[in-house]
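The two complexes that follow have subunit A in common; it is paired with subunit B in the first and with subunit C in the second.
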Partner chain A sequence: MRVLEPWVAEPLAEFLRESSARLTLVMTSAGQVIAQHGFTRSVDVMSAAALGAGILATTDELARTIDEPAGFGAVVHQGERQGVWLSAFDTPRGRWIGLVVFGQESSIGLVRLFFARLAAQIQAAAPPLAPVRDVLAEGFERELDNSLRSLFGSR
Partner chain B sequence: MTIDQWHAALREVTGVTGVLGALIVSAEDGLVVAETAMEELATADVAALAAALVMRVARCTSAMDAGLPQTAYLVGDRGALLAVAGPAPLWLVAVARNDGELGRLRLLMRDFADVLR
Partner chain C sequence: MARIDAERRDLTLTVVVYGAPQVGKTTILHCIQDRVTPEKRGPLVPFGTDFGVAPMLDWLPLELGVIGGWRTSVNLYAIPDQRHADATRRLILADADGVMFAADTQAGRLAENVSAMRSLRDNLDDPDGRSRAVPIVYLYTKCDLPEELQLPREALNLELNPSAHPDFACSALKGEGVLEALHGVISIVMRQYASQRPGA
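After this line comes the complex of A and B, so read on.
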């Protein structure tokens, strides 16, 4: 498990333990990864984050089209051996998305149950948002490197 | 059995003294297929956990070479959960208080599971 925000680690570890999820991504609605578990290649994380955020954006638009103002709580794709759970939740840091891949050792019901707890725990644990700093060109690359190191270890 | 008959059966189970709710659960995905329950019972949570329980029981009986499980009976300090296998992957699940008519509940659920099959 790799996390960009340390306060996400404990709720995520509990979620992984209880749900038996194989892969998990927590990201912003723009697709920026906050935490990941199970992915070994950064390119896979980036693809999954972009695709997951895209799917949820699409379903949000579909909800608006069919006049479902609250939107859809979750999107589930069930395959033969694995399923994917996608769901957004509000945090003090904005709208975040969880993408969970689960196998036959888990179920949609278990992921739904423990994902709701994960979202509630993240909402409760989120510290107040720090003031936005200007990102200077010389600091941008360093910050990006730090973020990637946090998510994937040493490069 | 039709959905209406399922609901009638679930209502009868819920009518047993001490029963808080009865559900038909898909063990494969842990979701509620049909339910009749009191408001305070978190049926979706019960379905997810009951499905996880019966799937583990199935692994256990398989390892024992005892075939597929037919019932799972779990008793806590204050309540009990009774699960009876229906047509795969469905299970009939009831949650009851400990002071309820658990014997009658068991018999009734076994009858319904036979009809469901």
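After this line comes the complex of A and C, so read on.
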């Protein structure tokens, strides 16, 4: 398990223990990864995050198009050997998304039950957000120039 | 819009390569992938290749490093042409901080370029129809073709770029002009972003 926000670790560990999920990804609605368990290659994490965020964004757009203000809740795909659970939840840090891959050792019911608990625990554990200070400080032009030189260094 | 993680001081920008079908958007991303510092980029990821010959979306992540105390990265997307990808197009453009508009310099492709520009403006509008000002640079592609096949840059600007945004002649196959255009759009987006923030 890897977490970028330490306060997510405990609720996520409990979720993994209780639900027996094979893979789990917690991310922002824009696809920025907050925590992951079970992924082996970083590109898999990035692809799964982008695809998961895209699927939920598309589903939300569909709900808006057909005038369904409550949205559709979770998206579940059940395969022969594995299933995927995808659901958004509100946190003090904005809307987050959970992507869970589960196998025959678990079930949709278990994932649903413990995912609701995970979402509630994350909501409760989130520390208050620090106010946004000056976003880009002095030396901006120099640092921008250095960054672009570094990016295009092989030109 | 830029994604900000104030606690971790992460800033992620979205730049979109947009243009008419067959103008070379994916080739432009490949060109950038091949030419930027390898440690500063992720893999080029095509999404949704099962839906047809062309992928639904190409994505290339770039790392700019720390600017003004913020770890800054750019998600570069090539937007699909397919009509069935309208929702994808709108979703990505809704998040765009900057656009690289690729236009084919061949005279016979002018109508498609104009149509693509119109579609870009429509897709940049918010759901209430209000237009969103997004920094844009123009890439006039296939400038390696014989001159007699190409429209002059002035004629292209007259039709497509009346507001005189920066424009770059490029050949994605030869790698000419593409990095200059990317440099241009990132600089404009970052400067605009800095100017909108107190203490910038």
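The criterion applied here is as follows: the second predicted complex is superposed on the first by the 132 of 155 C-alpha atoms of A that agree within 3 Å, B and C clash if a C-alpha of one lies under 4 Å from a C-alpha of the other, contacts with A are read in each partner's own complex, and residues count from 1 in each chain.
Note that a residue touches a chain if its C-beta (ideal position, glycine included) is under 8 Å from a C-beta of that chain, and two chains touch if they have at least 3 such contacts.
A quick note: this is a predicted structure, and the numbers were derived from the prediction, not measured.
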Of subunit C and subunit B, partner touching more subunit A residues: C
First (subunit B), second (subunit C), both or neither touched by A:Q78: first
Which superposed partner A:W7 touches (first subunit B, second subunit C, both, neither): neither
Contacts of A:L110 with subunit B and subunit C, given as first, second, both or neither: first
Partner chain(s) touched by A:G139 [first = subunit B, second = subunit C, both, neither]: second
Partner chain in contact with A:G54 - subunit B first, subunit C second, else both or neither: second
Overlapping contact positions on subunit A, where the subunit C interface meets the subunit B interface: none
Complex contacts: residues of subunit A adjacent to subunit C: 4, 28, 30, 32, 43, 46-47, 50-51, 54, 57-58, 61-62, 129-140, 143-144, 146-148, 150-155
Residues of subunit B touching subunit A in the complex: 28-31, 44-45, 47-49, 51-52, 55
Interface residues, subunit A side, partner subunit B - complex: 78, 106-110, 112-113
Of all residues in subunit C, those that touch subunit A in their complex: 3-8, 10-12, 35-38, 40, 42-43, 45, 47, 59, 61-70, 72, 87-88, 90-91, 95, 179, 183, 186-187, 190-191, 193-194, 197-200
